[in-house]
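Structure first, then comments.
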Amino acid sequence: MNNLNDTATLLAHCPDAKGIIHAVTDFILSNNGNIIELDEHVDRVDAHFFMRMQWQLTGFEISRERISELFEHQVAKKFGMNWTLQIDSKRPKIAIFVSKYAHCLYDLLSRYESGEWQIEIPLIISNHKKFADLAQRFGIPFHYFPITSSNKLEQEKIQINLLHEHHIDLIVLARYMQILSSQLVNAFPKKIINIHHSSLPAFAGANPYKAAFHRGVKFMGATAHYVTEELDEGPIIAQDVLHITHRDSINDMKRKGKDIEKMVLSKAIWSHLNHNVLVYKNRTVIFE
Amino acid sequence: MNNLNDTATLLAHCPDAKGIIHAVTDFILSNNGNIIELDEHVDRVDAHFFMRMQWQLTGFEISRERISELFEHQVAKKFGMNWTLQIDSKRPKIAIFVSKYAHCLYDLLSRYESGEWQIEIPLIISNHKKFADLAQRFGIPFHYFPITSSNKLEQEKIQINLLHEHHIDLIVLARYMQILSSQLVNAFPKKIINIHHSSLPAFAGANPYKAAFHRGVKFMGATAHYVTEELDEGPIIAQDVLHITHRDSINDMKRKGKDIEKMVLSKAIWSHLNHNVLVYKNRTVIFE
Amino acid sequence: MNNLNDTATLLAHCPDAKGIIHAVTDFILSNNGNIIELDEHVDRVDAHFFMRMQWQLTGFEISRERISELFEHQVAKKFGMNWTLQIDSKRPKIAIFVSKYAHCLYDLLSRYESGEWQIEIPLIISNHKKFADLAQRFGIPFHYFPITSSNKLEQEKIQINLLHEHHIDLIVLARYMQILSSQLVNAFPKKIINIHHSSLPAFAGANPYKAAFHRGVKFMGATAHYVTEELDEGPIIAQDVLHITHRDSINDMKRKGKDIEKMVLSKAIWSHLNHNVLVYKNRTVIFE
Amino acid sequence: MNNLNDTATLLAHCPDAKGIIHAVTDFILSNNGNIIELDEHVDRVDAHFFMRMQWQLTGFEISRERISELFEHQVAKKFGMNWTLQIDSKRPKIAIFVSKYAHCLYDLLSRYESGEWQIEIPLIISNHKKFADLAQRFGIPFHYFPITSSNKLEQEKIQINLLHEHHIDLIVLARYMQILSSQLVNAFPKKIINIHHSSLPAFAGANPYKAAFHRGVKFMGATAHYVTEELDEGPIIAQDVLHITHRDSINDMKRKGKDIEKMVLSKAIWSHLNHNVLVYKNRTVIFE
């Protein structure tokens, strides 16, 4: 986010082995690169290795175009690495999906407009017209897609085209009250973040606040996760919780819930945008 | 806890109506009592009224023996109150059940011995011999009850008699690894507190840390609840949670879990001993 | 907030004595009022009594105009009560002061516009022009008051008049980077809420994030308080904290700080608007 | 803690430079070592590099006796590293200092006796006789050193000898109510951990709970830090906080404070024993 243009970030994982870090750092050093951050983690149970490395491209002796090819050939292949390389040469493009609650939307727009996040928001998509004016006041094209059970697949096809046209890097479901079909989920793997208004796996599904109230729990929460085909079962990126008491009615929970929802969603987006998130076996490794 | 001998505590609930607080305070005032604490709560959804009131018995013009009868007659009957009256004239007697983990046991013993809690612990019951020496060093009788599926009901009958003999006020399951049968649960309604090592309702049942690890959650927790016939479904008294990351192995979770378990269990016992807990519809109202 | 038009809220405190609650509830009951909420607290050290009571005005047999007079005469006088009565017949009017950071401003505007808060914002005052456009897009008059050491008192006089003209009920300093003079503070006693970007009393004054970084603390925070003549010394309404590590640079702290600042400020405003806050000896009693 | 006998842990810091990780991992790899954990951090402001690395000694081709010499010569010297090497071949020896409060002492003893921590506690030192029996029941020699202003330096000399005799690795001040003189502090640099009952720097010095109550803060805390010559100014290892309200009296704060004190102290000791703590410029880097 803060290093547009001159840094590269590598996210990689592979079976653990001797010499991985040495090989990776050797690749950078011998090409005159300067490592800014290196973070690694080993899952002892699975003997699996994870790492995130950032280095400066200024002075690096491999051209941007050839880094991937050479890294695969000289390092990754040897260790059977699963890896991605990100070069932050432009602002990531985010599409926001929203329905009838705007607390997350306002929060995202304010981070965008104030420059807290170096992003672009080329479009807002909604199954309601409610926030068309809000989008317009922030200068963002608003696309209204009414959804019914019979037109959903058709509408999603148009949405997918629209998202591709705008080269969308990340889709944020900011309390979007429609379940995405597989075609949309699979068109953007690990690129759709949803906010669920409970501390998953507790109270998955609809009406979590009501369920939490009736179970008499003393904590409520919110969960941001990548969307997968299984509803509310995707890899968790961020969670937060809030202490509640018997004095909190369901309305109080909804009100307080809005605040943790918007905070947790923003935290997850920040982690994603900074290439801090690795997904492995439906869990996340968050480097930060 | 701090007011042995001269205070009475009323816990009451009933359908909401005009004049309840007025009637209750009138009962105290007109008998020259001095209210120390009064806390009330109304559940708007159910239109149900809850209250906790503490007053000084010194100078109160009704004798201890007659308070209940007169309160029922003059106040409670009129409003259809469900109520209990506690007069702290002696230290509550607690029985601790334990199996193979001692972190909660040590914590309870230290609060007892240091005088942090004004209680008596007449006995420790275990299905293992492991902590017999520890109990002895703290001067507490230790009763070993090996449990098998075939002898459980028989052993529990002996336990129940033992608990009655010692006039036990509260049973604490301090990581007791046996499911109590209905006969034991029903012999001590709302008098058995269990600590479950997850933030219920998430990860009920066995091996919650393992399940939490594999779901990749970012928070783990502990829950203290009254034991009812439904396993892990009783009214929740206290919960706490802890932030975890991908760096926490299942072993780390177990280690950190011990700390929240002992803290949450102690918090729930403190609330119970101070007559801060009302149960209604499998939820708790905690006055504090 | 949720009960426009037909509820009254009493906030009262006085030296503790027998019969206060009885007398207050008698005043309501004998005039056919219906108490919705009653919360009381006694500070044992000072033997001081605090209460908050809300009741329905529908059916109440005293007209709105005469409640205060009769309550003072029939109840308050007897106990030496310090009290206020609020009747929510209209939306409270809030003036926002802001300088160069907008995160709190955006958050307040979104709560206002989405209807989460039933308020009016008749004006935004700033010592910079930066957010004139933002205010305009939300339809709120923006008043630019450049402040220098030599013109401050003069400018504040104009501000005070403006605030009075608009019948402002509450002034919110949403990261307003000017110290108010006594004349402005005293013109709105207990009606100015400031957000300070540390967990007071730690790191009062300027540059708290830098100071926190250099002290190597593991928690940072934010504090919302009523403004008094002593800088950063007013009664604390709300605080929150965030765990930080050595990995958090001063920039990370600033970024994360924005989030707790806006949350804590909103929490404090909510408490104030719901008449949940009593000030006593430079401390607050928060009923919620 | 979990890796007695066959792991080595390196803690190192130096001015940032290219190739540090590469050089360090080269030292391990070329001697056939297997890295278990590697964590690094760069302080961007000071351009200072920090790392912690753990590797298996089984199969490592340098004998334990020669590792330090060769590492200094082949790696550390080149980068101007400040480093320590720990080989966990035996349980660390901890001396506990205590006065009149036992909550931390009980907690430490239970972790020791239950085997949660693989440590030895060769002695307990106190300026009161109060806990001699408790120490004895846990089988730990208890040394009573009454302290007055006139005998303090003399008594500390005897204590220092005693601590040296027992090869003490870490001194824990478990609510020890005496200020250590420079001679004792300097005899065990970065080897004395104290627990202070507030969230430093707020409420340093005596009576923090009273001060917190009177300031009306909404959070209280505890801080574990290395002891330096400046009272309450040493590098902070761990902190935690607790939300409080106006309902919490000073006694409630003391009671709740005991719980966070013992948790924070234990957390700091755990970090220290696992060689997770680096001190730099009176701040700590905590690898975990």
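As written, the chains take the letters A, B, C and D, and residue 1 is the first residue of each chain.
Criterion: a contact is a pair of C-beta atoms (placed from the backbone, for glycine too) under 8 Å apart; a residue touches a chain by one contact, two chains touch by 3 or more.
Remember, it's a predicted structure, so these values are computed and weren't measured experimentally.
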| item | value |
| --- | --- |
| Most distant chain from chain B by Cα centroid | A |
| Chain pair, C-D or B-C, that carries the greater number of C-beta contacts | C-D |
| Interchain centroid distance [CA atoms averaged], chain C/chain D, Å | 42 |
| Separation of mean Cα positions, chain C and chain B [Å, integer] | 38 |
| Residues of chain D touching at least two other chains | 247 |
| Of chain A, residues touching chain D in the complex | 18-19, 21-22, 25-26, 29, 34-40, 42, 243 |
| Residues of chain B that touch chain A when the two form their complex | 41, 43-45, 50, 199-203, 214-219, 221, 235-236, 238-241, 245-247, 249-250, 282-286 |
| Partner chain A, residues of chain C touching it in the complex | 2, 102-103, 106-107, 109-110, 113-114, 116, 134, 137-138, 247, 251, 255, 258-259, 263, 266, 288 |
